[in-house]
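First subunit A sits with subunit B, and in the next complex the same chain sits with subunit C.
Moving on, here comes the complex of A and B:
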């Protein structure tokens, strides 16, 4: 927050408005351009492929291993108010009590369900993009083993983790009392997700909303995942399109051999370490025109719903799954 | 290939003709219907076309405004628009072309980024309007855009629907 103060030089007689915008946030720059009636035309987006950051060393492979090969449902989360990493044990206790109370209320009841559960909050070191990002943390619900002599960890019933990766643009607008962890990934029963969501919303005054991934972003994911070098391909690269027609929508599935997809991408891609909008568009256009040549159907008029590669897969409803370590 | 020119025909008295260009027939039809229901000082004619160039065999009045309808849910409609823009004479872009982007509200269905259309409108120096044709009726700005501000006694029969569909060659459609 300090970098956005007015520069230290004393306000001179010619204090131009530009001086106040030396350290302006993108939001302020945008407002200024609107006020000046200049048109704010953004340059075509290009995304840098994040290289292996130094933070990777912090990652605990054991902890992260169980995050893989699971299907995660994505939610978008507003900043948490007065969340503290030092109170994790306290939060575990409170959430545990809340879940037990909710289940006993009969809101999410299955006959014979085991109420002996344990809630664990823990931080996930290294799951962030830059040093500025707040630490990710993990919430797990385990079933406690009945026998007191065995101190083994029970079965994991539900997992959820909160993270912030390369959230620089968001972190600029967040004030001190808030912790910004906009992405929440959940795996497990929907009822548990709802209960935990309610507790977080009540305790930290935040709001969850399901994150949908639109076709535009799915095509970016397809291109970037195809670009990844994989030692051996475990799955074909598959796309699923939904054709908007009445009364029932039609689904078109298109599977490509992963090596062919990679070869296509390599012929399009120019600058290593950077992916541009044109390259993504060209990659998808090649697939569309190939399909059109054979089936005379314009896939560009349909909606991309699911992308599945050897690296990971994503569905428009906000479900992702990664397949490689 | 015939190019659409703004001043190649004489204007008709108290008539304004709008050409809607877009891939989605149903949406264009709905838009045209709602435009014709609006109060217009002059007689309004709306032509629909899937893409340009228009077939030269049909006798049609002078086009006063071209509206390119881009559906943000479909990349095909953007490609179609870009193709059609090549068949419009440069002098049309002095205020007689407008871009209409539909579907920005449903972010989860968007295949095209909003900035692509913004850049397109900026390149062609034409206004860009956002709407959602699939959800509700659109309030059009035909009066102000066409500049037909003359108050004329408009008879009911003169404001009947004048709708003609230009059937374009089937190239590039399914």
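Moving on, here comes the complex of A and C:
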């Protein structure tokens, strides 16, 4: 970094633009909201379960089916600068060129049509919580083994999608130059995620960071997924706790029949359409005490790292998988 | 480099070292090891040089280099007997310096000339060429001169090859390329030479611009290809030509995944990294992490970037390519806007400020002071927001105490914070991202990790309502403060002093620039003053408690009084209507301190308080009307109370009457008979040694000194003596607050004609 000339600090000798300091810019207002958010309790004590979101209305079932049964790695993402839904085609072309360039790094780049991969950007209609949420979009990388004239697409090498669901509190602070899609989900080789992420970071000046799910949120997921009505259960409800000890950490797996879990939840849950913190705590406490009765181990002293149910599963390192729509 | 070639090199190296000392053999041993593992290479280099550069002081090395360059410039001295030895010595010097620090462009200029002029033998030329490693850049002129030597055919084919390889490797470090590009025709003609062809191709590949692509060159290349077969290097050049001028080349080029150019910079790989680092400033990444795929960072978060802060790239590429009518090649040859990569000086910034391309990743401005200037005056909110989003998220992700058992990137994070703080000092302004980061991370902070950086961030918190920030930040800070060592306490006080100063500066500009009504967070001046005064009271509370916890440590008291040196001068220095006095716990600790410098500092602060309060009072009288910022009588009374105590102790020898009041009965019980004058400027524990020295100076032969003899005239001589010992604070205090009359008395500030 260049050496700085620290400006003299006497207030009288100022050459600053006059209105630099004053006036409440939107940025400062934004900070105020951050101050308030920080002082808030991070999670509300109760959450409403939306009965009918946008999702069910105009969603493309084929695309949603495509998103299911895959393991997704979660990332959080800062707002995209100057992203435009009308340029998706152009983005496909640019990202395509970028990937080819990255993969051939150190080699001379051939610019032309001779790629054996294909990048497709497309919107995921209806994948949002409220009308205000921006449209989600999907990025796919296909291998072009078949002839391009044929409509059959090649093998999917990598998939990633960007979405914003019930992002009201975030949207308040985002100005029009930005598109706020704070959640990014990727499925495919890590090296591809890295290349594509880098392209997005360079192109839209955004920043990806791995999103982890803490034990607190995992227990919420466990409770809410247990509550889901499923016609036939395909998997047991399973919890995984980790006991940090050397040389290897000890994992405790706890599997319950999904119907038992559901019965437990139903006995706890009171108001339909709303889940409270107390209910979630009680649900987990019941599981703990049951386990303690049998094994004399206090699970509450360990760390919940994975929850899997018939509906979905989630791992603390930010990997989730949906099983049923 | 192919294996066969490497073997050849080693042989050549051995040949040079024939018959020379053991030092030589170690060099060749080192050369043999140069190969797949570059990390070993560097350490070997250091260890195996027994008489190497590490024993020399830097200036010695410089002199030696100077001599070596002169030696080569003059040429070999034919008559000298130990010619070989001298040559070897000088070569060695050049090599050592080159590999350690790189050579200045003037030195490269001279040595390059020598290597290509054929003054010395082939082996020497080779060695010189191999160590042409720039400290920062290579001048274009040197390269042009060197190329001119190629025309006169003084050097051997292998030297030429090595020169081209060097040119390709160092291409990025040549300061300008216009004139080199003018030699395009010459280079192109060298393609004829079969041995040179691959390297010349590579050079041309780097050099070619759209206007260099001419039909006759295309024909020549196709001829060559017909003659030599499908050579990857020719194909690379052809494909580049085809890209620039698709119409000229009708032959189809197969898509090849093969490497077009042999990695010709292999010889200088480590050196190149070193030069890049020198040019970019210290990289937060340790060198070993950059050494190849085996060492790629395991963390997913790292993806492509080597450092946390993105590299500066102008965004025009993507922006212009979005316009569909432009083809990619047009993009590459664009003109009009000013690319950031060329921005090197402040005048350049001023000239191009209207057409400057913004970086594609705003975070990169952190490493560029010119762009910090730019974002400092730019009014464009998205620019600030992009920076804000990036910095917030990066801080959040890099923060090491969020991660369990992950302290290995501590250094990196520290460096990152340092960079941010430098930028904040440069702009004289805190970043909102850092403030938000502090709110989130302070509750989890252990008080140790990155302490200095973290506390500096605290001092750059933008001005805001104290009561709003207190629960988020200062309450957590207080917990750490009370439970940590005295050094931590002092650092916290230091950074709070800086915070106060930054706030005061901010406010003093704010008020004098515009009416205060639209100040962002506090709507009125009164509100702002209230916030500052709360901060001062908070520090007062911290200090009082800390003094008790640290049993009145003088060291701590110094830091506390430093803080109050800022506080006492707010009215005059910053022109803000605020005077807050220190709490009694601090005042009396300082007054009764055993340390003269503390007492001196206290006197100075009291003197400044007096100046500020008198100035405020004068203004009040001038304005007549009661404004809302008239200080309450309480402030004056409090000050007068302190003043009385001080004068009573130090001057009139009447302590404990007014000011500190202690019941005479209690004083009697202590059994101290002469308590009345025991705290004056003579008997006060921190002055007693001065009084004794003063008397001894007066009459050095005296066996017993009676300090009570300092009276009358002697008293004022004694005072002059004290002032001459550097007690300026005391001088100012006594001059302003004490009447020189037969009966010394304190001169308080009149308030409502009381006192």
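Heads up, the rule we're going with is that the second predicted complex is superposed on the first by the 263 of 325 C-alpha atoms of A that agree within 3 Å, B and C clash if a C-alpha of one lies under 4 Å from a C-alpha of the other, contacts with A are read in each partner's own complex, and residues count from 1 in each chain.
Here, a residue touches a chain if its C-beta (ideal position, glycine included) is under 8 Å from a C-beta of that chain, and two chains touch if they have at least 3 such contacts.
Just so it is clear, the model here is predicted, and its values are computed rather than measured.
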Which partner does A:67 reach: the first (subunit B), the second (subunit C), both, or neither? neither
Subunit C versus subunit B, contacts on subunit A by residue: C
In the superposed arrangement, which partner chain does A:209 touch: subunit B (first), subunit C (second), both, or neither? second
Once the structures are superposed on A, label A:198 by its partner contacts, choosing first (subunit B), second (subunit C), both or neither. second
In the overlay, answer first, second, both or neither for which of subunit B and subunit C A:224 touches. neither
Could you look at A:90 and tell me whether it touches subunit B, subunit C, both or neither (first, second, both, neither)? second
I'd like to check the shared interface: which positions of subunit A are touched by both subunit B and subunit C across the two complexes? 39
List of subunit A residues in touch with subunit B within their complex: 39, 41-42, 44-45, 212-216, 219, 244, 277, 284, 288, 296-298, 300-304, 316
So, in the complex, the side of subunit A touching subunit C is made of residues 1-7, 9, 11, 14, 16-28, 30-32, 34-35, 38-39, 76, 78-79, 81, 87, 90, 94, 102, 104, 106-108, 110-111, 114, 175, 177-178, 190, 193-195, 197-198, 201-203, 205-210
Tell me, which parts of subunit B touch subunit A in their complex? 23, 73-77, 79, 107-113, 115, 118-119, 122, 174
Contacts from subunit C onto subunit A in the complex sit at residues 205, 236, 239-240, 243, 253, 255-261, 263, 281, 300-301, 303-305, 310, 313, 315, 318, 321-322, 324, 328, 360-363, 366-370, 376-377, 381-382, 384-386, 388-390, 392-394, 396-397, 419, 422, 425-426, 428, 432, 435-436, 439-440, 462, 464, 468-469, 471-472, 501, 505-506, 508-510, 512-514, 518-521, 574-575
